[in-house]
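Here subunit A shows up in two complexes: once beside subunit B, once beside subunit C.
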Partner chain A sequence: MSALGSTSSTSYGKTITVAVLLFILLTFSFTDLRYQTWLRLYEFFLWLETTPFGVIGKTWGAVFAVVEAIHLLAMALLGGAVIVGDARLLGWLFIDVPAREILDKAHKVFVVGLTVVLITGIFMACGVAGKIYWLPVFWYKMLALATGIFFVFFIRRPLLRHPLEEIHPRVTKLIAISSMLLWFTVAATGRWIGFAGS
Partner chain B sequence: MINELIYDFAIWLDDSAWSTLLHESYYMYNWVESIHVLTLVVCLGMLFMIDLRMLGYALPNVPASNIARRLNMPMLIGFAIMFITGILLFYAVPVRTSQSVWFRVKMILLVACAVNAYLFHRRMNESVSSWDHDTKAPDRIRFGAIFSLGFWSLVVICGRLVAYDWFDCEYTDSDNFSQLLSGCIAGQERF
Partner chain C sequence: MIEVEGSTESIKDLQYAAVTISATIIIFFVVYWIIQIDSVRELLELAYG
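Let's turn to the complex of A and B:
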């Protein structure tokens, strides 16, 4: 009985945390706070260009180009892990292999891909910080990326830690489709930063 | 001789109205390029999972043949769309692209990728029953996977470098070695 009570309070705790975070995010998005924060960040973006990453990115175009390519390769690794895991949840691939096996191993590959994407992404952002600051698509990408990371580590993984047979099939499918759409948005907005900045 | 033929062909493509339309259309060109990159993520994502499985780094408990068979189709669909959009991107900017040293290296690397993929699949199909459940594939299959990862990484790097104009015929001197590699034509007026 106490174990049941403990599980239920943990579930409510997570739900309340997510609700509070959503409330903060909405308040931030629809008030003047967002604009004020954006203005204050300008100095920070100018400072980014003076960091070693920023100096290297601006000085050596070839280094910047190779890092761009590594960023893309890491995005492919991340995309591969997302597609494999989500396709298993949707029942499109590896239905003869336990879902837990696929999800856990694909997640490890995802973490490696995400780490490289973040490191190379920070490097590139430092090199062109003064430019991307003014691009709305850059902020859309940051929003999509933050949502993607939050979704994976605070919604998808915790939910899928439960035995899959206890989760309604519609929920697992919804999780898989949301995950694919989120990472598609991250990749697409990332590509459009290049077009918007040219 | 071959460079003149490539140049004439590129000029012929460049003269077509569709090439100009595609090049001048901000949204169409950028969407074609975006689809090229997004399908590259799908194609290489699947390829990396197959190669990493052979090396024992991804999904080691799933039979290798199962991974290769199931991921082959999404990989090929991604490759087909990537190939079509790649041709469209070349068609939109034919002269500059055909005279890009990076594009030329990329084409050679793509041939190397195709030969490696053929050998990889042939070797795998010949022997997979004896090591299907092993965490790591035999050495010769693993070498194929390493070559695949290496060649495709270089393809992506070269593809990315095509966008940069360091060695463009338009901006280099005629005695520059890069002009030879790029196949620049003496006295050419279109770039």
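Let's turn to the complex of A and C:
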């Protein structure tokens, strides 16, 4: 009885967490808090350029270029995993292969791609920290990336661990579409950084 | 029985959370890219008339 009561009381934990996070994000975005936080981060970004990653990235252009190439290849890996998994959910690709098999394998590739993207991305950010700090597109990319990581590991993956036939088909399609749009934004804003402010 | 009910609750919770965050992502995507495309269009107009 108590176990059932406990289950009921925590049954909408994730929905409430998402709603609270959205409220905090909107409050942060539309108040002075965002500007104050941005100002406070300036010293941190200046420090990033003095770290070994920052010094290497600024001093040896060839190293930066090689890391950037690995970053882009990892982004392609991540994007491929997203497209394959989401297209299967939408019934666009590989419909003769069980969705569970594709989703599990695509997730493993996604995790590898994301890990490499994050490591190389931190290295590159240190090298150009003084530039990206001033670019709004960089902050939008960080927002999209953080949302993407949260979305995948907190919502999408836990939901898709359930049998797909138990999930409403419209919900499945909705998460597939939003996942593709989100990672498209991460990739597009990332490329935009390369062309902005130089 | 409790486990089945817990699982059903869990999947309902996850579906509500997924719908909430997906709707937010789609709205943000549409608004953000409309603003960006419009901004580029204005810049091109300024540059080339």
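Keep this in mind: the second predicted complex is superposed on the first by the 187 of 198 C-alpha atoms of A that agree within 3 Å, B and C clash if a C-alpha of one lies under 4 Å from a C-alpha of the other, contacts with A are read in each partner's own complex, and residues count from 1 in each chain.
Note that a residue touches a chain if its C-beta (ideal position, glycine included) is under 8 Å from a C-beta of that chain, and two chains touch if they have at least 3 such contacts.
These numbers were taken from a predicted model, which means no experiment stands behind them.
When the two complexes are overlaid on their common chain A, residue A:12 makes contact with subunit C while staying clear of subunit B.
Contacts of A:174 after superposition on the shared chain: subunit C is touched, whereas subunit B is not.
By the document's definition of touching, neither partner reaches A:118: not subunit B, not subunit C. Look at A:142: by the touch rule set out above, it reaches neither subunit B nor subunit C. Applying the stated contact rule after C-alpha superposition, one finds that A:166 touches subunit C and leaves subunit B untouched. In the superposition on chain A, no contact is made by A:90 with either subunit B or subunit C.
Across the superposed pair, subunit B and subunit C touch subunit A at no common residue. The touching residues of subunit A, when paired with subunit B in their complex, are 61-62, 65-66, 68-69, 72-73, 75-84, 87, 93-94, 96-97, 101-102, 105-106, 108-109, 184, 187-188, 191-192, 195. Subunit B meets subunit A in the complex at residues 26, 30, 33-34, 37-38, 40-49, 52, 57-62, 66, 70-71, 74, 153, 156-157, 159-161, 163-164, 166.
Remark: subunit C residues 2, 5-7, 9-26, 29, 32-33 touch subunit A in the complex.
The residues of subunit A lying in touch with subunit C in their complex are 3-4, 7-8, 11-15, 17-19, 22, 140, 147, 151, 154-156, 158-159, 162, 166-168, 171, 174-175, 177-178, 181-182, 185.
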